[in-house]
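To keep things simple, chains are lettered A, B, C, D and E as they appear, and every chain counts its residues starting from 1.
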Amino acid sequence: MFKGFEVSSNEQAFTLETLKSGIRFDGRKLEEMRDIDIRLGDEYGYVEVRLGNTKAIVRISAQLAVPFEDRPYEGIFQISTEISPMAGPMFEAGRQSIDEVLISRLVEKAVRRSGALDLESLCIIAGSRCWAVRADVHFLDYDGNFIDATCLAVMVGLSHFKKPDIAINGEEIVLFSTDQRDPVPLSVLHIPLCVTFAFYNPNDVEENIKGSSSGELILVDPTMKEEAQSLGSMTLTLNKNREICQISKAGGLPIDAPVIMDCCSIAYSIVERLTEKIKQLLKDDEAKRIDINVQRALSAANDR
Amino acid sequence: MSRFEIYSPEGLRVDGRRWNEIRRFECRINSHPTSSDGSSYVEQGNTKVLCLVQGPMEPALRSQSSTAQGSLIVNVSVTPFATVERNKRPRNDRRIQELSATLTRTFNKAIVLKNYPRSLIQVNLQVLALDGGLLAACTNATTLALMDAGISMYDYISSVTAGIFDGQTPLLDLNTIEENELGFLTVGVIGESEKLALLLMEDRVGMDSLEKVLAIAIAGSHRIRELMDIQVRNYGKHKVAKLANQ
Amino acid sequence: MSGTLIIPGDTIELGTESGETSIGPGITTNPKDQSIVYPSTAGLLKSISKRNKTIAYIEHNTKRYIPTIHDYVVGVVITVFGDGYRVSLANYSQPVVLSALGFPNATKKNRPHLKVGDVVYAIVSLVDRDVEVEIECIDPVTGKEGGFGQLNGGTLFDVKLAYARYLLFNSNAEILEAIVNKCQFEIAIGSNGKIWINTENVKTTVAAMNAIVESQQWKKEEIVKNVNKIFKDVL
Amino acid sequence: MSVISVTGFGHQNVSVDSDSEDDAMGDIEATGFKSSIVTPGERITDDPTWMRGHGTFYLSNQTYSSVAGSISRVSKLLSVIPFHGRYSPETGDHVVGRIVEVSQKRWKVDIGAQHDAILMLGSVNLPGGVLRRKSESDELQMRSFLKEGDLLNAEVQTVSQDGAAFLHTRSLKYGKLRNGVFVRVPSSLIVRAKNHSHDLPGSVSVILGVNGFVWIYRTKVNANTKTENSASINRVSAQLSSSRDYTPGQGSESITRLEEESSWSIYSDQNDEDFPETIKLNITRYRGCILALAHCEIGITGSRLVNAYHASMVYDNIDALVSNQVKEAIGRDIIEAEKMRGK
Amino acid sequence: MTTSFNAELGILDRVDGSASYKFGATSLICSVSGPIEAKARQELPTSAALEVTIRPDVGVSSTREKLTEDKLKSVLGSVISTFLYPRQLIQVVVQILDAGEAPCYVVRELVGCINACYLALIDAKVGISESFYAKCVAIEQNTGKLILDPTDRDLTSSKSHHAVCFSLGNGKSKSLLYSESFGQFTEEELLKVLDFAAEAIEQENIGVRKVISEAVSNDYVWMS
């Protein structure tokens, strides 16, 4: 992933030193997330997320489609996570690197496989008509940890999105525009959120494998520089119901099992806080929209 | 599809095992002595995997050549007859890509790569039959084949799956039916320690039962490590005996 | 910042007074007709006069470094080959060559052994359209080390190029003075926007590094106050 | 199936089947080593006075094995020799290799080792005699001497620090290979000996490369006539010394003869035109014999090859040698014959 | 009329130059990296290679985006001084956030792409020989009136629409770099459209210059 991004030995050594003294370049604590800034667009399902300097935009859209043959009672949900060189010149246009595959698989597992979106509710007429919801993730700027940002943006997008209301008239489906009928939200069953950890080993490899010191350093939400210097990472996906939706520690530095349990509780407290934040944000947005509608109605009345 | 009874009130699973039993585990090393530098064959229940290792050898591409350490490539291919439905898998199946990346990253840390500068180690895995625990079987087969090739490793990596039934009972070493029904994880454990080289989990598992599942999975991995170790030692004895014969 | 804003397409008036005017960065001639001179970037038109000679250039601030002869640069060794090293001066840019003989008193037998990941302070010694850029660690005036060579310890970070040039040529820049009051430090500034810094301990290095990076967005009068804050937060 | 009961981290109570063969633990020696066979991650000793060699790693006082193999102790050096492994070249090894790349002033040769071996242009005999100077035109026509895919036999001149071998072919017995077939066997089966080229009954010769690459070919006609004054090519029956003291270049031919023969013909790509069918069949039979020995994991030497050849004569049809049963039968014959002779 | 667009330079960190550009309902972001190391297959011996990627707001890129990429590349290729950077690469990516027109039209998108690229190139300080700017114009079906920056609705009710890109010298429209027309129109009408667009471009350039001037002074905060 970091092709062309050179990290000197001096920086490597320095980073280990700073981590050992418990500080990070941006002043965070080791188990602290960067500030998250979420902006909702005027359009339903348009979300801009900034995680420090990592930026992503998610657009949710829905279309009528034919369900898959082997799943006639379910709608379709697709997440597209293609990374263009806009996020940084290390990403190649039109070719998915293995890291990109892993990012998209992870988001897929975190959101789709964990059943965050109720697919059965997207079915309109079994076997012939359903909603196809897609989430297009646009990666704008990469400064580490795309996964957490993406998962968050997709979940906020799904919770914010509203699809046009429909009526079934025999075999006919009538689609109402937003003026005719209020659009309806998707049925989001739970909000899984990812927390990524990066691992460092200040000791020798032998100590890590055979030693008993468990001296590995762990930090939350690595920046790109931190990611490039880490020896491994782990992404935990949880929701606020204390359910783990996904764990992904695909190789990398071996870590003691009890340490991983500790990571779980760190992640849970982060997820709890984030979920609250998202809920508040969506509530505020809803209130704002109602306000605007009321004003519009009032001004319309005045015009008359 | 009819729902199977995953775990009966009497404490039996679909294939008659108890909660804490692993499936039949059989392995061989040096299964293909002439076509590779190291080879192994692993059966975990009905999952059957063949692994061939080439190297350490001269890398074909300059990009694979590093003066600091050796490079590792893991290829996985699943035969079309591995499952009941003979699906033709697309060549760049993302799940397979993920699998080989996971194996590469796991063994990158287990092999003493600094001993092999400017060299390439290539691991080829063939999945002959698939009935759950794919990643686990591939991990075990790779460990054995690397050993057979005489490649330096810090320790064994042994792997097994474990799931949770009804949020209470952990089940060890799942087959396909169980994998489809339960939230489960795959661990890769370093030697006899509790260090995890690998931990993947899909579907939902309650946070509070994670420890239980992890514990049984680690214990199961240790058991598999023993079984592999016995096999390796037997092979070694046989080999030493043969040399003494001459 | 004085100077008129020039954008590509504007005609620029080059000094018609006595003496020649040569063109500097940001101004280009048409490859087919050398007499056509035009600005190729947006920035502020500036000129410096030295002994009858005027150099006109467009002051602009970029992130992407383009090697220019005699520039001081900080680079990272990315490959070691038989007769030298390939050094990265900027991420994703074409690496440059540092010959194993590009060190003071180096001979075929006696030469420094750098490793991948080592940091060097060097000077750009060859720039040509058709061959690879070369750097060396020899002071061109004295032929001695002159501060060039491998940089040990410390850490590296990036700033925008105009700021790096400003710091390089103004050793009494306010930000550096402000940091001097906080801790002792060694610094090597490259025209390529890479800065190497080493201080007495990890914490002060982090503070100094953040102070320099962030000072790109500070007005002069804010410097002392902000530096105080950064150091207070870290220590 | 095995039962595992679990109470939590660090408290597993694993019940191991009693039939597991852990009797290797029996031979604990005075040195404190558990067993001669070790597997990766196994602690070998906590005695810090041992020097740690190949196949080991350590953390403070503990020494661990990093490979599956047997422990070797040479004075204070402790190392583990893996059961298998790639060929690792040593100075003086007689090897067979294949050209994989022609580059500046050198060929890269696959000898089945961790790295490709290097054959410098200056380390070969070129047409026109040994004393001739190499010119730039030679550099440009390297492919006309040896090109990608060509097989050659050579001697390891030196081994560089990172384990890559440098070869030379500056002797008449080395050089490009023709008139035969190639077989590859595990390098561990070829015992390092004084001599690796053998003339065998049936007008067939063999080069048992130390790297496990074997070349079986028609015995050179002129070699037959001149054997008497050649020190290099031994009759198999003459001696099979296992002496290991060997200096590079030993047994090279006199310069005059080299000059005589260093013509373009040594780089010819053509097999002999008059190649009798019987010799071809003999070559095939020897090939079968080598594979039979390899199958039975019997070390391959010239004399064993001759014995195997004779043993194989019971099978008129050479195709029979393909079957594993036949291979094993031949292997048994040889071992028994050797036992009879009291070896 | 000078404020018919919103633009901001230097919005992204990882790339060398970037700009957001928004006019009406159309909104996009462009990034430029370069000159950077070219891959062997892209490398040109005497000039810089140009890589242009356009990513749609919804769905994966298709032939539609490929076609626009091609058009954009022809415009950029004629203004970027590629001879300055032999064997290197200039990488341009446009991310469309909202096309602001129905999928059957590409005119707003193309105009947006050209203008966003111009600003991003300026931000990256990649050498260009002259400034350039584009506008779209539609001819109303019945009245024949010229509409500047037609909305999606205007497009459906027009008889033809045009994308016009001019180079600029000293703030004046100089030469026509690119023009593309769809629908039915007369030669006379086209000439009228070009004149109309040229004037609109000059008008808007005052605003563009202001944006650039702000960005440049922003680059030198520490000097103040």
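Operating definition for what follows: a residue touches a chain if its C-beta (ideal position, glycine included) is under 8 Å from a C-beta of that chain, and two chains touch if they have at least 3 such contacts.
The UniProt protein names, listed by chain, are A = Exosome complex component RRP45; B = Ribosomal RNA-processing protein 41; C = Ribosomal RNA-processing protein 40.
Since we're looking at a predicted model, the values are computed, not measured.
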{"item": "Chains touching both subunit B and subunit E", "value": "A, C"}
{"item": "Path length in steps (a step moves to a chain that is touched) from subunit A to subunit C", "value": "1"}
{"item": "Remotest chain, subunit A as reference, centres from CA atoms", "value": "D"}
{"item": "Of B-C and C-E, pair with higher C-beta contact tally", "value": "C-E"}
{"item": "Reference subunit C; chain at largest CA-centroid distance", "value": "D"}
{"item": "Geometric centre distance via CA averages, subunit B-subunit A, whole Å", "value": "30"}
{"item": "Centroid distance [mean C-alpha coordinates] between subunit D and subunit B, Å", "value": "33"}
{"item": "Euclidean distance of C-alpha centroids - subunit C vs subunit D, Å", "value": "57"}
{"item": "For subunit A, residues that touch 2 or more chains besides their own", "value": "4, 89, 206, 209-210, 257-258"}
{"item": "Residues of subunit B whose C-beta touches two or more other chains", "value": "154-155, 190-191, 194, 211, 214-215, 218"}
{"item": "Shared interface positions of subunit D, touching two or more other chains", "value": "9, 41, 57, 64"}
{"item": "Chains touching one another, given as label pairs in label order", "value": "A-B, A-C, A-D, A-E, B-C, B-D, C-E"}
{"item": "Residue numbers on subunit B that touch subunit D, as the complex places them", "value": "17-18, 20-24, 30, 33-34, 37-38, 55-58, 112, 116-119, 147-156, 172, 190-192, 194, 211-212, 214-216, 218-220, 222-223, 226, 229-230, 232-237, 239-240, 242, 245-246"}
{"item": "Sites on subunit A touched by subunit D in the complex", "value": "204, 206-207, 209-211, 257-258"}
{"item": "List of subunit D residues in touch with subunit A within their complex", "value": "9, 41, 57-59, 62, 64"}
{"item": "Subunit E partner contacts - residues on subunit C that touch it in the complex", "value": "1, 5, 7-11, 26, 28, 30-31, 38, 40-44, 60-64, 66, 92-95, 129-130, 160, 162-163, 166, 175, 215-220"}
{"item": "Contacting residues of subunit B [partner subunit C, same complex]", "value": "67-68"}
